[in-house]
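Labels A, B, C and D are assigned to the chains in the order they are written; within every chain, residues are numbered from 1.
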Amino acid sequence: MTEKQKELLRNLVPIFTLLALVLGIAAFEPGFLKPANLVTVTADTMTLFLMASGATFVIMLGSIDLSIQAIASMTSCILAALLPMFGGTALLIALAGGATAGVLSGLVVNYFRIPSFVATLAIGGIMTSVAFWASNERSIYISDEDKSTWLNWATGTSVGIDHEVVVGLVVLATLSAILSLTRFGRLVRAVGSQERAVVASGINVNRIKFFAFVISGLMAGLAGIVMAARLGSGSPTLASEFLLPAIACIIVGGTAITGGVGSIWKTFVGALIIAVVRIGMTFVGITVLAQQIVFGLVLVIAVAMTIDRTKVSVVK
Amino acid sequence: DDMTLAISMRSLSNPYHATFARGGEEFAKSVGLPFEVLVTEGNSEKGLADIRALIARTGGNVCINVDPNDSPDAATIVEEAEGAGAYVVTQWNKPDDLHPWDHNPNYVAHMSFSGVGTSKEITNALIDAMGGEGGIVAIGGILSNVPAIERKLGMEQAVADTDGKVQILDFQPADWNETKAFEIMQAWLTRYGDEIKGVWAANDSMGIGALEALRQEGKAGSVPVTGIDGTEAALSAIEAGEMAGTVAWDPMWTGGMGLSLCHAAATGAIDVAAEPHEHREFYGTGIVVTPANIADFRTRDASFDYNDYWAKSTGQIQYQ
Amino acid sequence: MESINWRALAPIGVFFLLCIVIAIFSPNFLSVSNAVRILNASAIPVVLVMGATFVILMGSIDLSVEGIVALCAVVTASLVLNDTFSANLGFWAIPFAVLAGGIIGAANGATHVFLKVPSFMVTLGIGFVCLGIATAALGGFPVRISDRGFRALTLGRTLGLPNGIWLAAAAVFVAYVIQERTRLGRYVYAIGTDEITARQSGVPVERTRILVFVLAGFFSGLAGVMAAAQLGQGHALIASGRLFTTITAVVVGGTALSGGVGSVLNSVVGVLIVIVLTNGMVLMGVPPFVQQGVQGFLIIVAVTLALDRRQLLVVK
Amino acid sequence: MQPLLELRKVTKEFPGVRALDSVDLHVDRREVVGLIGENGAGKSTLVKILAGIHRIDSGSMLFDGSPASFRSPRDAFNHGLTMVFQEQSIIPTLTVAENIFLGREQEFLRFGVIDKRAMNAAAEVELAKVHLDCNPATKCASLDFAARQMVEIAKALSLDGRIDSDIVILLDEPTSVLERQEIDLLFEIIKELKAKASIIFISHRLDEVLQVSDRVYVLRDGAVVHETASTEATITGLHEHMVGRQLDHEYYRENKQRELFGESVLSVRNLTIEGEFRNLSFDLAEGQILGIAGVVGSGRESFARCLGGLLPPSNGEILVDGKPVRLNQPHQAVLAGFGFVPSERKSEGIVTGLSVSENMTLAAGDRFSRFGFIKFEQERTECQRWIDRLRIRTPSTKTPMQSLSGGNQQKVVLSKWQIFGSKVAVLDHPTRGIDVGAKEDVYELIREMADQGVAIILLGDTLEEVIGLSNSILVLKDGEVSAKFQAPVGAKPDQIELISKMV
């Protein structure tokens, strides 16, 4: 086998892992393979993917974004609070809110030179306060009318395909294009792999980092909007317990937490792996007492299979 | 195929929900049907995805007794159930404008407890234990959580009724978390010291956290603490004279009866469409337990009949 | 002799500055009894950061903190006189619980090293497994400790200070000696700075990595014992919220997540800063809904002032 | 006589490369063996096998007549073999003493705890061997590059006296970061060591190799192609064996040196960085090559980094084409027209995770993109052109940068600024650690750049290099200009003259 073929094969490992999981579950419960069910599972995964998609850029820098969960909750509140007043404009305001959070993270990381772990944790705290403020500390319902007028693009169904899936695929295509076809995407990879050399080449690294955080904030914001649309409400805790699963699916997909190596489609597959494991346990009928244990073990095994060790010299 | 019975709730790692699940299991045993537990882990999306997966797997031949992670989730869950012909009963959380009678027959009922009312009662018990006056500190649940909001409201109403004899020194949310309550209580001891005559907590875990912070300072038992939920820890603390009260919800009943009702609707034992509203949205009985009645509470007959659906109902749910 | 590195003392300065600011709002803050309360509230986090610092100095991360603490608290509560099981080992429960922590740590380390899976995922997965075991073992109910003598471990006082503080102090002493005076401590810095070079110099990298996770497990186990004694019970949620406090404290103290730079003493200051911040929110009467925001803001300020960022060539 | 160390038909393969191909080699007791070869010839691989880092695929290794195979660096050390690595292998966050004894702390353990005093005392002894005067308790981060290298050598020498058997010290390019004085010192040490140890010495500077070793092996493509006693070898002869062709008589391409320059491009006025250098002033014209000479600590490295935008100046003025420019950030320097080739190639020169072409267009990316989208075809063509022109040995433009040898990596770094079109190239040790053949290519390239009108500032790897390439030379001493020399072809200043101004 040539190096190129091996490389290709290594890249496909996450997909094989996913297929193996799907087939494994189908062996217990053939109903899992029904197209309708597969579409549903994919649709259910999309909010997780959206949240992780932008954060993939940040992780590829070798940084981390811990604010995505708070951002998603916040945009859900902004959206729900403003939809009755502003209609569609509320969508833009909510997205802008997500992007602003990213801007703040970017600024804090770049200009105060604070490690992203702390910076984004702090910005996440601020966003949670904004969410409480915007929502007046409670869940805000989105009326069916507003939902069907303004949010059908996110939650409707066309030709049997849930719109979440369409949104997810559009994001997948767009972000993949940015990561692999643009100079910005290349520089994100470069910064993650050898930041000092990129600096010495006269690249404004701060700008790259800044935009990576903005994309992450924007995507978390979009995730919050889709979540709000699906659940019909905004709430300051809407995206609770999403953070670690989101980062987990980035890594399960095979993106290196140390930066430099990764891609959006891997995150997409990673999100599906996580979702399939989770939902699969319900399908297979694993008792809930054992689910957490099984989930933990499968996570570790999945990563052991999917990460490409030829690209990282030390595993930290 | 056999109909599947299921319970969906936040997690198995707290006594309230663990008992809730046990109630469901008991009922399932009594009718000899397969039983399953789903947990949301505090994540609405996961809760929904699991319910969808269960409905897909059973082809809709399922009864689910759900304690939704957040009220809006109820609407989506009901929608899913309707679409697939599954039956659901919801607990605690639902939007005010979502009603079972608008979704016959799949949305069987909503069961809850009067958050404001019971909270008012337990606060009065606290005020009594304080001797009717003085400052209290109050620990709330997650700010935006519906039960947390209701309980806080009830507490505030009870305090307002004292015409200023009792003041709320401070209110802080501890997100239902024991350790957070412990730390907040410590800070309060610095800030207010002996001004604190009573501690109100929106659930027992946080009450116990506050109690342990008091114990650290040798003040356990000298400052009354109340909680809500009726956990074993709180009941023992009441017996030990360290807590002034709690509210027992009877999760065995909500777990078992919720499924029973759901099962009855699914099997046609009752025609939900024909039932009055007070049988579709009703409060259960929350018992305020204090040192005065703890002995009676311990010896009460807690058993109930699965076919006497509304015996423990205390009336139709009221919206503020 | 080298001159004193004043920059290194900055975190302590920030700590005092914070104290002064809080004292302006709440004069009671500067009382002896409050100082004792703050130290007492810091006891468990301090024990936790002792382990976490070593892991982070090595460039890895330990996300299993909450799981290990919870499981060890359950083990402790089950082994002393309690309301659920018949054991009554008294203080002999401590070595068992700490050992349990060490064993889980060993599982973390061994999986990380032998399967070459990033510590982020291993510890995340194993953390889930621990929480799952703690939940499944008890079916969701707490084990309540009825052994008053055992609870003196944290409730009792020696020389006027709660025993928990003494335990934490002992943990700091042990950790400091390990860091400064043992091969393990030196190897941690070597690996965190440059693993390849360390390996070429004959440092047993694999063994060191595993040992560090074992050590972190021991400290988490001890923290579990202390949590059980402090709250008088053990259950799966007893440690919730501890993870981010722990890592934030380590980073606020100035230890770099990329490894090689930092110290356990820094982390002690980091814990004090984080605890005083939380405590200060209540003392200053900050409205609940903005607390997280204010806290986030203050963390950014504190880290800006405290971190010697010149040491970090790149900020990730 | 039985050799101390012997390799028989040793072969070692890495994925896709045969690094060592049936190598026979022996080292006698108390002998210094020189090892030379082009980049990627297999020198490091060979010594890494001896140091216990790599395992051989086939063949055998004999130590003191009996078969040996070292499982780890520690194992090799216990058998009396130790190595100074080509890439610096000092841990900057540890102290000097801790570095010297890293991995071998047992002898200082008292009840499991390290006796720091004893360790520092022992380190003093080792430091004295390399005449390095520093406190063993200081962190290595605060030492300069050369001092770190001496610490590393001290680390290797600590074997001496700690082991009963014969010892072998493996030196992989130990001199590439050292200055003349330190090199002389190192050679003194080697001579002393010869009384009790055997040494393998690797360097790309053939004169050094001949000066210090008794016997020389030449490796090419993983195979030993020549073996000779040093006394019988000549530099040109060795070079021929190494690269398979004759050494160019015009090593520094002096025939291509320009004497007429274009417009003045760069003016530096009273440039100062506190604590590094003061009041530097000079003018540089298109096509002119300015060499900067000076010992370590003279401020020349900081000066180069200053022009690269990596160290902001504290005072003074820099004018490009007559206009003042700010150099507080590298991207400002690049915009102003500077192209900086750093001396630390691995950490600052190349981005290992990117491919060859991605590295080449890293700075000039704007030219190869439209609306942010990369014009892949155009990029590939352009990069291929440079690969051909500079004879960069790489399978394709897409090859990952880390699989190129050092010399080829360096060519990529140089081409990066050519493609960008820098007006002023600042070359900090552009030939550090690259082989003679590659060096010639780099010299050729520097001449070409000058021809095209690029003004060049050169910090050479050796003094000869500076003299050979430059049009004029600035000598720095203690942060100030101590002399200025003109260096036209035929009237080059000699080394002695320069050195006298340097120290």
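Simple rule for what comes next: a contact is a pair of C-beta atoms (placed from the backbone, for glycine too) under 8 Å apart; a residue touches a chain by one contact, two chains touch by 3 or more.
All values reported here derive from a predicted model rather than from experimental measurement.
Asks: More C-beta contacts across A-C or across B-C?
Replies: A-C
Asks: Using Cα averages as centroids, what's the distance between chain B and chain D in whole Å?
Replies: Centre-to-centre distance between chain B and chain D: 71 Å.
Asks: With chain centres defined as C-alpha means, what is the inter-centre distance between chain A and chain C in Å?
Replies: 29
Asks: Between chain A and chain B, what is the gap in Å from one C-alpha centre to the other?
Replies: 33
Asks: So which bits of chain B are touching at least two other chains?
Replies: Residues 12, 143 of chain B each touch two or more of the other chains.
Asks: Would you mind listing the residues of chain A that make contact with two or more other chains?
Replies: As it turns out, chain A has residues touching two or more other chains at 132, 137, 196, 289, 291.
Asks: Report the complete set of touching chain pairs.
Replies: By the stated definition, chains touch in these pairs: A-B, A-C, A-D, B-C, C-D.
Asks: Under the touch definition given earlier, write down the residues of chain D that touch chain C in their complex.
Replies: So the residues of chain D touching chain C come out as 51, 53, 72-74, 77, 83, 85, 88-94, 98, 102-105, 109, 112-114, 116, 135, 138, 155.
Asks: Any idea which chain C residues touch chain B in the complex?
Replies: Listed in rising order, the residues are 26, 28-29, 31, 33-34, 37, 40-41, 83, 131, 134-135, 139-142, 144, 154-155, 162, 227, 230-233, 235-242, 275, 278-279, 281-283, 285, 288-289.
Asks: Looking at the complex, which residues from chain B come into contact with chain A?
Replies: These residues of chain B touch chain A: 12, 36-39, 41-46, 48-50, 52-54, 56-57, 59, 70-73, 75-76, 95, 97, 142-146, 149.
Asks: Help me check something: in the complex, which residues belonging to chain B touch chain C?
Replies: Answer in residue numbers: 11-15, 17-19, 21, 140, 143, 170-173, 177-180, 182-184, 186-191, 193, 208-209, 212, 215-216, 232-233, 236.
Asks: What does chain C use to touch chain A in their complex?
Replies: Where chain C meets chain A, its residues are 58-60, 63, 111-112, 115-122, 124-129, 131-133, 135-136, 139, 195-196, 244, 247-248, 251-252, 256-257, 259, 289-297, 299-300, 303-304, 307, 309, 312-316.
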